[in-house]
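Below is one structure; the comments refer to it alone.
In order of appearance the chains are A, B, C and D, and numbering begins at 1 in each one.
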Amino acid sequence: MAGYAQDKEAIGRRLRRIEGQIRGLQRLVGEDAYCIDVLTQIAAATKALRSVAIELLDDHLAHCVREAAERGGAEADEKVTEATAAIARLVRS
Amino acid sequence: MAGYAQDKEAIGRRLRRIEGQIRGLQRLVGEDAYCIDVLTQIAAATKALRSVAIELLDDHLAHCVREAAERGGAEADEKVTEATAAIARLVRS
Amino acid sequence: MAGYAQDKEAIGRRLRRIEGQIRGLQRLVGEDAYCIDVLTQIAAATKALRSVAIELLDDHLAHCVREAAERGGAEADEKVTEATAAIARLVRS
Amino acid sequence: MAGYAQDKEAIGRRLRRIEGQIRGLQRLVGEDAYCIDVLTQIAAATKALRSVAIELLDDHLAHCVREAAERGGAEADEKVTEATAAIARLVRS
(Lines give C-alpha, C1' and ligand atoms only; values in the text may rest on other atoms or scores of the structure.)
Protein backbone atom coordinates (compact mmCIF):
# COMPACT_ATOMS: atom_id res chain seq x y z
CA MET A 1 0.00 0.00 0.00
CA ALA A 2 1.25 3.46 -0.86
CA GLY A 3 2.33 5.70 2.04
CA TYR A 4 -0.10 8.36 0.79
CA ALA A 5 -3.13 6.01 0.73
CA GLN A 6 -5.20 8.09 3.15
CA ASP A 7 -4.38 11.32 1.24
CA LYS A 8 -4.86 9.82 -2.21
CA GLU A 9 -8.04 11.76 -3.04
CA ALA A 10 -6.62 15.08 -1.91
CA ILE A 11 -3.36 14.52 -3.82
CA GLY A 12 -5.29 13.58 -6.96
CA ARG A 13 -7.33 16.79 -6.65
CA ARG A 14 -4.18 18.89 -6.22
CA LEU A 15 -2.61 17.30 -9.29
CA ARG A 16 -5.74 17.99 -11.33
CA ARG A 17 -5.56 21.62 -10.25
CA ILE A 18 -1.90 21.73 -11.32
CA GLU A 19 -2.86 20.20 -14.68
CA GLY A 20 -5.33 23.09 -15.01
CA GLN A 21 -2.52 25.54 -14.21
CA ILE A 22 -0.36 24.01 -16.97
CA ARG A 23 -3.24 24.26 -19.43
CA GLY A 24 -3.70 27.88 -18.33
CA LEU A 25 -0.02 28.42 -19.15
CA GLN A 26 -0.52 27.03 -22.66
CA ARG A 27 -3.45 29.38 -23.14
CA LEU A 28 -1.39 32.38 -21.95
CA VAL A 29 1.43 31.51 -24.36
CA GLY A 30 -1.08 30.91 -27.17
CA GLU A 31 -2.47 34.41 -26.58
CA ASP A 32 1.03 35.99 -26.54
CA ALA A 33 0.64 37.01 -22.91
CA TYR A 34 3.34 39.17 -21.41
CA CYS A 35 6.46 37.14 -20.45
CA ILE A 36 6.33 38.25 -16.80
CA ASP A 37 2.71 37.09 -16.44
CA VAL A 38 3.64 33.67 -17.84
CA LEU A 39 6.61 33.50 -15.44
CA THR A 40 4.39 34.38 -12.46
CA GLN A 41 2.11 31.46 -13.33
CA ILE A 42 5.07 29.10 -13.79
CA ALA A 43 6.31 30.05 -10.31
CA ALA A 44 2.82 29.33 -8.91
CA ALA A 45 2.65 25.90 -10.61
CA THR A 46 6.17 25.04 -9.44
CA LYS A 47 5.23 25.95 -5.87
CA ALA A 48 2.09 23.81 -6.06
CA LEU A 49 4.11 20.84 -7.38
CA ARG A 50 6.68 21.24 -4.59
CA SER A 51 3.87 21.28 -2.00
CA VAL A 52 2.51 17.99 -3.32
CA ALA A 53 6.04 16.56 -3.14
CA ILE A 54 6.42 17.65 0.48
CA GLU A 55 3.06 16.08 1.35
CA LEU A 56 4.13 12.82 -0.32
CA LEU A 57 7.47 12.86 1.51
CA ASP A 58 5.66 13.40 4.81
CA ASP A 59 3.40 10.42 4.11
CA HIS A 60 6.40 8.36 3.01
CA LEU A 61 8.33 9.08 6.22
CA ALA A 62 5.23 8.60 8.40
CA HIS A 63 4.35 5.24 6.88
CA CYS A 64 6.90 3.52 4.64
CA VAL A 65 10.07 4.63 6.45
CA ARG A 66 8.55 4.39 9.90
CA GLU A 67 7.15 0.90 9.36
CA ALA A 68 10.45 -0.30 7.89
CA ALA A 69 12.22 1.12 10.96
CA GLU A 70 9.82 -0.75 13.25
CA ARG A 71 10.61 -3.99 11.39
CA GLY A 72 14.33 -3.07 11.52
CA GLY A 73 17.18 -4.62 9.53
CA ALA A 74 18.57 -3.85 6.09
CA GLU A 75 15.19 -2.76 4.71
CA ALA A 76 15.16 0.19 7.12
CA ASP A 77 18.60 1.27 5.87
CA GLU A 78 17.42 1.03 2.27
CA LYS A 79 14.31 3.11 2.95
CA VAL A 80 16.39 5.89 4.51
CA THR A 81 18.91 5.90 1.64
CA GLU A 82 16.05 6.01 -0.85
CA ALA A 83 14.23 8.82 1.00
CA THR A 84 17.41 10.91 1.17
CA ALA A 85 17.98 10.44 -2.56
CA ALA A 86 14.40 11.58 -3.24
CA ILE A 87 14.86 14.65 -1.02
CA ALA A 88 18.12 15.51 -2.81
CA ARG A 89 16.41 15.22 -6.22
CA LEU A 90 13.61 17.47 -4.99
CA VAL A 91 15.94 20.10 -3.49
CA ARG A 92 17.92 20.19 -6.75
CA SER A 93 14.90 20.23 -9.08
CA MET B 1 4.58 41.35 -29.03
CA ALA B 2 5.70 38.81 -26.45
CA GLY B 3 9.47 38.45 -25.94
CA TYR B 4 9.14 34.71 -26.65
CA ALA B 5 7.35 35.20 -30.00
CA GLN B 6 9.95 33.31 -32.02
CA ASP B 7 9.99 30.41 -29.51
CA LYS B 8 6.22 30.29 -29.05
CA GLU B 9 5.75 26.94 -30.83
CA ALA B 10 8.58 25.25 -28.94
CA ILE B 11 7.38 26.61 -25.59
CA GLY B 12 3.83 25.43 -26.34
CA ARG B 13 5.18 21.95 -27.12
CA ARG B 14 7.19 21.85 -23.90
CA LEU B 15 4.14 22.87 -21.88
CA ARG B 16 2.05 20.15 -23.53
CA ARG B 17 4.73 17.64 -22.59
CA ILE B 18 4.63 18.91 -19.00
CA GLU B 19 0.82 18.59 -19.02
CA GLY B 20 1.37 14.96 -20.04
CA GLN B 21 3.78 14.53 -17.12
CA ILE B 22 1.16 15.88 -14.71
CA ARG B 23 -1.43 13.49 -16.13
CA GLY B 24 1.10 10.69 -15.75
CA LEU B 25 1.44 11.70 -12.10
CA GLN B 26 -2.33 11.45 -11.60
CA ARG B 27 -2.26 7.98 -13.15
CA LEU B 28 0.60 6.90 -10.86
CA VAL B 29 -1.27 8.13 -7.77
CA GLY B 30 -4.50 6.51 -9.03
CA GLU B 31 -2.66 3.19 -9.29
CA ASP B 32 -1.15 3.54 -5.79
CA ALA B 33 2.36 3.73 -7.21
CA TYR B 34 5.24 3.71 -4.76
CA CYS B 35 5.78 7.17 -3.15
CA ILE B 36 9.39 7.39 -4.32
CA ASP B 37 8.38 6.76 -7.95
CA VAL B 38 5.79 9.54 -7.73
CA LEU B 39 8.40 11.86 -6.19
CA THR B 40 10.88 11.10 -8.97
CA GLN B 41 8.29 12.13 -11.56
CA ILE B 42 7.43 15.30 -9.62
CA ALA B 43 11.12 16.25 -9.61
CA ALA B 44 11.24 15.68 -13.39
CA ALA B 45 8.14 17.83 -14.01
CA THR B 46 9.48 20.59 -11.74
CA LYS B 47 12.78 20.57 -13.64
CA ALA B 48 10.95 20.79 -16.96
CA LEU B 49 8.86 23.75 -15.71
CA ARG B 50 11.97 25.54 -14.46
CA SER B 51 13.63 25.04 -17.87
CA VAL B 52 10.68 26.68 -19.62
CA ALA B 53 10.91 29.56 -17.12
CA ILE B 54 14.61 30.04 -17.87
CA GLU B 55 13.90 30.04 -21.62
CA LEU B 56 11.18 32.67 -21.10
CA LEU B 57 13.48 34.79 -18.96
CA ASP B 58 16.17 34.60 -21.62
CA ASP B 59 13.70 35.76 -24.27
CA HIS B 60 12.43 38.48 -21.94
CA LEU B 61 15.93 39.85 -21.31
CA ALA B 62 16.92 39.53 -24.98
CA HIS B 63 13.85 41.36 -26.25
CA CYS B 64 11.68 43.24 -23.76
CA VAL B 65 14.43 44.39 -21.37
CA ARG B 66 16.95 45.03 -24.13
CA GLU B 67 14.55 47.06 -26.25
CA ALA B 68 13.43 49.10 -23.24
CA ALA B 69 17.12 49.78 -22.46
CA GLU B 70 17.69 50.95 -26.03
CA ARG B 71 14.76 53.36 -25.69
CA GLY B 72 16.09 54.40 -22.26
CA GLY B 73 14.26 56.33 -19.55
CA ALA B 74 11.98 55.20 -16.75
CA GLU B 75 10.58 52.27 -18.74
CA ALA B 76 14.02 50.65 -18.73
CA ASP B 77 14.18 50.94 -14.93
CA GLU B 78 10.74 49.39 -14.60
CA LYS B 79 11.61 46.47 -16.86
CA VAL B 80 14.70 45.67 -14.78
CA THR B 81 12.77 45.89 -11.47
CA GLU B 82 10.07 43.64 -12.91
CA ALA B 83 12.59 41.11 -14.28
CA THR B 84 14.40 40.93 -10.93
CA ALA B 85 11.10 40.35 -9.12
CA ALA B 86 10.28 37.52 -11.56
CA ILE B 87 13.73 35.95 -11.02
CA ALA B 88 13.27 36.19 -7.23
CA ARG B 89 9.85 34.48 -7.44
CA LEU B 90 11.37 31.74 -9.59
CA VAL B 91 14.37 31.18 -7.30
CA ARG B 92 12.05 30.96 -4.29
CA SER B 93 9.42 28.75 -5.95
CA MET C 1 23.67 12.38 20.81
CA ALA C 2 23.36 14.17 17.49
CA GLY C 3 22.32 12.06 14.49
CA TYR C 4 25.45 13.24 12.65
CA ALA C 5 27.84 12.19 15.45
CA GLN C 6 29.86 9.84 13.25
CA ASP C 7 30.13 12.48 10.45
CA LYS C 8 30.87 15.38 12.80
CA GLU C 9 34.48 15.85 11.69
CA ALA C 10 33.63 15.72 7.99
CA ILE C 11 30.71 18.14 8.40
CA GLY C 12 32.91 20.54 10.38
CA ARG C 13 35.51 20.42 7.58
CA ARG C 14 32.87 21.09 4.92
CA LEU C 15 31.53 24.07 6.88
CA ARG C 16 35.06 25.48 7.26
CA ARG C 17 35.49 25.18 3.49
CA ILE C 18 32.17 27.03 2.99
CA GLU C 19 33.36 29.73 5.42
CA GLY C 20 36.41 30.07 3.14
CA GLN C 21 34.10 30.40 0.13
CA ILE C 22 32.18 33.22 1.86
CA ARG C 23 35.43 34.98 2.69
CA GLY C 24 36.47 34.54 -0.95
CA LEU C 25 33.18 36.22 -1.92
CA GLN C 26 33.97 39.21 0.32
CA ARG C 27 37.40 39.47 -1.32
CA LEU C 28 35.84 39.37 -4.81
CA VAL C 29 33.37 42.11 -3.91
CA GLY C 30 36.14 44.15 -2.24
CA GLU C 31 38.15 43.95 -5.49
CA ASP C 32 35.12 44.98 -7.61
CA ALA C 33 35.07 41.61 -9.39
CA TYR C 34 32.68 41.19 -12.28
CA CYS C 35 29.07 40.55 -11.09
CA ILE C 36 28.81 37.25 -12.97
CA ASP C 37 31.97 35.90 -11.32
CA VAL C 38 30.58 36.77 -7.89
CA LEU C 39 27.27 35.09 -8.80
CA THR C 40 29.08 31.93 -9.93
CA GLN C 41 30.79 31.70 -6.55
CA ILE C 42 27.51 32.32 -4.70
CA ALA C 43 25.91 29.44 -6.63
CA ALA C 44 28.87 27.22 -5.65
CA ALA C 45 28.60 28.15 -1.96
CA THR C 46 24.82 27.62 -2.00
CA LYS C 47 25.29 24.17 -3.55
CA ALA C 48 27.88 23.26 -0.92
CA LEU C 49 25.52 24.38 1.89
CA ARG C 50 22.67 22.35 0.41
CA SER C 51 24.92 19.26 0.24
CA VAL C 52 25.73 19.59 3.94
CA ALA C 53 22.00 19.92 4.66
CA ILE C 54 21.25 16.73 2.71
CA GLU C 55 23.99 14.86 4.60
CA LEU C 56 22.53 16.08 7.92
CA LEU C 57 19.02 15.04 6.86
CA ASP C 58 20.30 11.60 5.90
CA ASP C 59 21.95 11.20 9.30
CA HIS C 60 18.81 12.51 11.01
CA LEU C 61 16.56 10.00 9.23
CA ALA C 62 19.03 7.15 9.72
CA HIS C 63 19.43 7.76 13.45
CA CYS C 64 16.98 10.12 15.19
CA VAL C 65 13.86 9.30 13.12
CA ARG C 66 14.69 5.61 12.83
CA GLU C 67 15.35 5.16 16.54
CA ALA C 68 12.18 7.05 17.46
CA ALA C 69 10.26 4.77 15.08
CA GLU C 70 11.76 1.70 16.76
CA ARG C 71 10.62 3.03 20.13
CA GLY C 72 7.22 3.89 18.60
CA GLY C 73 4.51 6.11 20.05
CA ALA C 74 3.93 9.85 19.86
CA GLU C 75 7.65 10.65 19.73
CA ALA C 76 7.90 8.90 16.36
CA ASP C 77 5.05 11.05 15.00
CA GLU C 78 6.75 14.19 16.26
CA LYS C 79 10.08 13.27 14.67
CA VAL C 80 8.42 12.77 11.28
CA THR C 81 6.50 16.06 11.50
CA GLU C 82 9.69 17.85 12.48
CA ALA C 83 11.73 16.23 9.68
CA THR C 84 9.10 17.16 7.08
CA ALA C 85 9.11 20.76 8.30
CA ALA C 86 12.91 20.85 7.98
CA ILE C 87 12.73 19.41 4.45
CA ALA C 88 10.11 22.01 3.50
CA ARG C 89 12.27 24.85 4.85
CA LEU C 90 15.24 23.49 2.89
CA VAL C 91 13.31 23.09 -0.35
CA ARG C 92 12.00 26.66 -0.02
CA SER C 93 15.31 28.24 1.01
CA MET D 1 33.28 49.16 -12.82
CA ALA D 2 31.19 46.46 -11.17
CA GLY D 3 27.42 46.70 -11.58
CA TYR D 4 27.05 46.59 -7.78
CA ALA D 5 29.47 49.51 -7.17
CA GLN D 6 26.92 51.63 -5.34
CA ASP D 7 25.80 48.68 -3.15
CA LYS D 8 29.33 47.42 -2.49
CA GLU D 9 29.37 48.35 1.21
CA ALA D 10 25.95 46.85 1.90
CA ILE D 11 26.82 43.63 0.03
CA GLY D 12 30.11 43.35 1.93
CA ARG D 13 28.21 43.72 5.22
CA ARG D 14 25.68 41.06 4.23
CA LEU D 15 28.46 38.65 3.29
CA ARG D 16 30.19 39.25 6.64
CA ARG D 17 26.92 38.46 8.38
CA ILE D 18 26.64 35.24 6.35
CA GLU D 19 30.24 34.37 7.31
CA GLY D 20 29.09 34.77 10.92
CA GLN D 21 26.17 32.42 10.24
CA ILE D 22 28.55 29.79 8.84
CA ARG D 23 30.80 30.13 11.90
CA GLY D 24 27.68 29.78 14.07
CA LEU D 25 26.94 26.54 12.19
CA GLN D 26 30.41 25.20 12.97
CA ARG D 27 29.88 26.03 16.63
CA LEU D 28 26.49 24.25 16.64
CA VAL D 29 28.02 21.13 15.07
CA GLY D 30 30.99 21.32 17.47
CA GLU D 31 28.56 21.33 20.41
CA ASP D 32 26.56 18.38 18.98
CA ALA D 33 23.46 20.53 18.52
CA TYR D 34 20.28 18.80 17.47
CA CYS D 35 20.21 18.03 13.69
CA ILE D 36 17.01 20.00 13.12
CA ASP D 37 18.47 23.13 14.73
CA VAL D 38 21.52 22.90 12.48
CA LEU D 39 19.25 22.43 9.44
CA THR D 40 17.18 25.49 10.40
CA GLN D 41 20.34 27.59 10.47
CA ILE D 42 21.51 26.16 7.12
CA ALA D 43 18.18 27.15 5.56
CA ALA D 44 18.60 30.69 6.98
CA ALA D 45 22.14 31.02 5.59
CA THR D 46 21.05 29.66 2.19
CA LYS D 47 18.22 32.19 2.07
CA ALA D 48 20.60 35.04 2.96
CA LEU D 49 23.04 33.93 0.20
CA ARG D 50 20.21 33.77 -2.33
CA SER D 51 19.10 37.30 -1.37
CA VAL D 52 22.60 38.64 -2.01
CA ALA D 53 22.57 36.86 -5.38
CA ILE D 54 19.26 38.47 -6.32
CA GLU D 55 20.59 41.90 -5.32
CA LEU D 56 23.69 41.33 -7.49
CA LEU D 57 21.55 40.19 -10.42
CA ASP D 58 19.38 43.28 -10.08
CA ASP D 59 22.47 45.51 -10.15
CA HIS D 60 23.88 43.53 -13.07
CA LEU D 61 20.70 43.95 -15.13
CA ALA D 62 20.32 47.62 -14.14
CA HIS D 63 23.88 48.53 -15.07
CA CYS D 64 25.96 46.02 -17.06
CA VAL D 65 23.16 44.56 -19.21
CA ARG D 66 21.35 47.86 -19.60
CA GLU D 67 24.48 49.78 -20.64
CA ALA D 68 25.47 47.05 -23.10
CA ALA D 69 21.94 47.23 -24.57
CA GLU D 70 22.27 51.00 -24.95
CA ARG D 71 25.55 50.49 -26.83
CA GLY D 72 23.91 47.70 -28.86
CA GLY D 73 25.62 45.07 -31.01
CA ALA D 74 27.06 41.68 -30.20
CA GLU D 75 28.12 42.72 -26.69
CA ALA D 76 24.46 43.16 -25.73
CA ASP D 77 23.69 39.60 -26.93
CA GLU D 78 26.61 38.25 -24.92
CA LYS D 79 25.52 40.03 -21.75
CA VAL D 80 22.02 38.55 -22.01
CA THR D 81 23.34 35.02 -22.64
CA GLU D 82 25.70 35.37 -19.69
CA ALA D 83 22.97 36.74 -17.39
CA THR D 84 20.61 33.88 -18.31
CA ALA D 85 23.35 31.34 -17.59
CA ALA D 86 23.94 32.94 -14.18
CA ILE D 87 20.19 32.87 -13.41
CA ALA D 88 20.02 29.19 -14.44
CA ARG D 89 22.98 28.33 -12.17
CA LEU D 90 21.30 30.18 -9.31
CA VAL D 91 17.91 28.53 -9.81
CA ARG D 92 19.57 25.10 -9.89
CA SER D 93 21.92 25.71 -6.94
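Definition applied: a residue touches a chain if its C-beta (ideal position, glycine included) is under 8 Å from a C-beta of that chain, and two chains touch if they have at least 3 such contacts.
All values reported here derive from a predicted model rather than from experimental measurement.
The interface with the greater number of C-beta contacts, when A-C is set against C-D, is C-D.
With centres set at the average Cα position, the gap from chain A to chain C is 21 Å. Here the spacing of chain C and chain D, counted between their Cα centres, is 18 Å.
Among all residues of chain C, those that touch two or more other chains are 50, 53, 57, 83, 90, 92. The touch graph of the protein chains shown is a ring with every node of degree two. Interface of chain D with chain C (complex): residues 1-5, 8, 11-12, 15-16, 18-19, 22-23, 25-26, 29-30, 32-36, 38-40, 42-47, 49-50, 52-53, 56-57, 59-60, 64, 82-83, 86, 89-90, 92-93. Interface residues of chain A facing chain C in the complex, by the touch rule stated above, are 50, 53-54, 57-58, 61-62, 65-67, 69-70, 72, 76-77, 80-81, 83-84, 87-88, 90-92.
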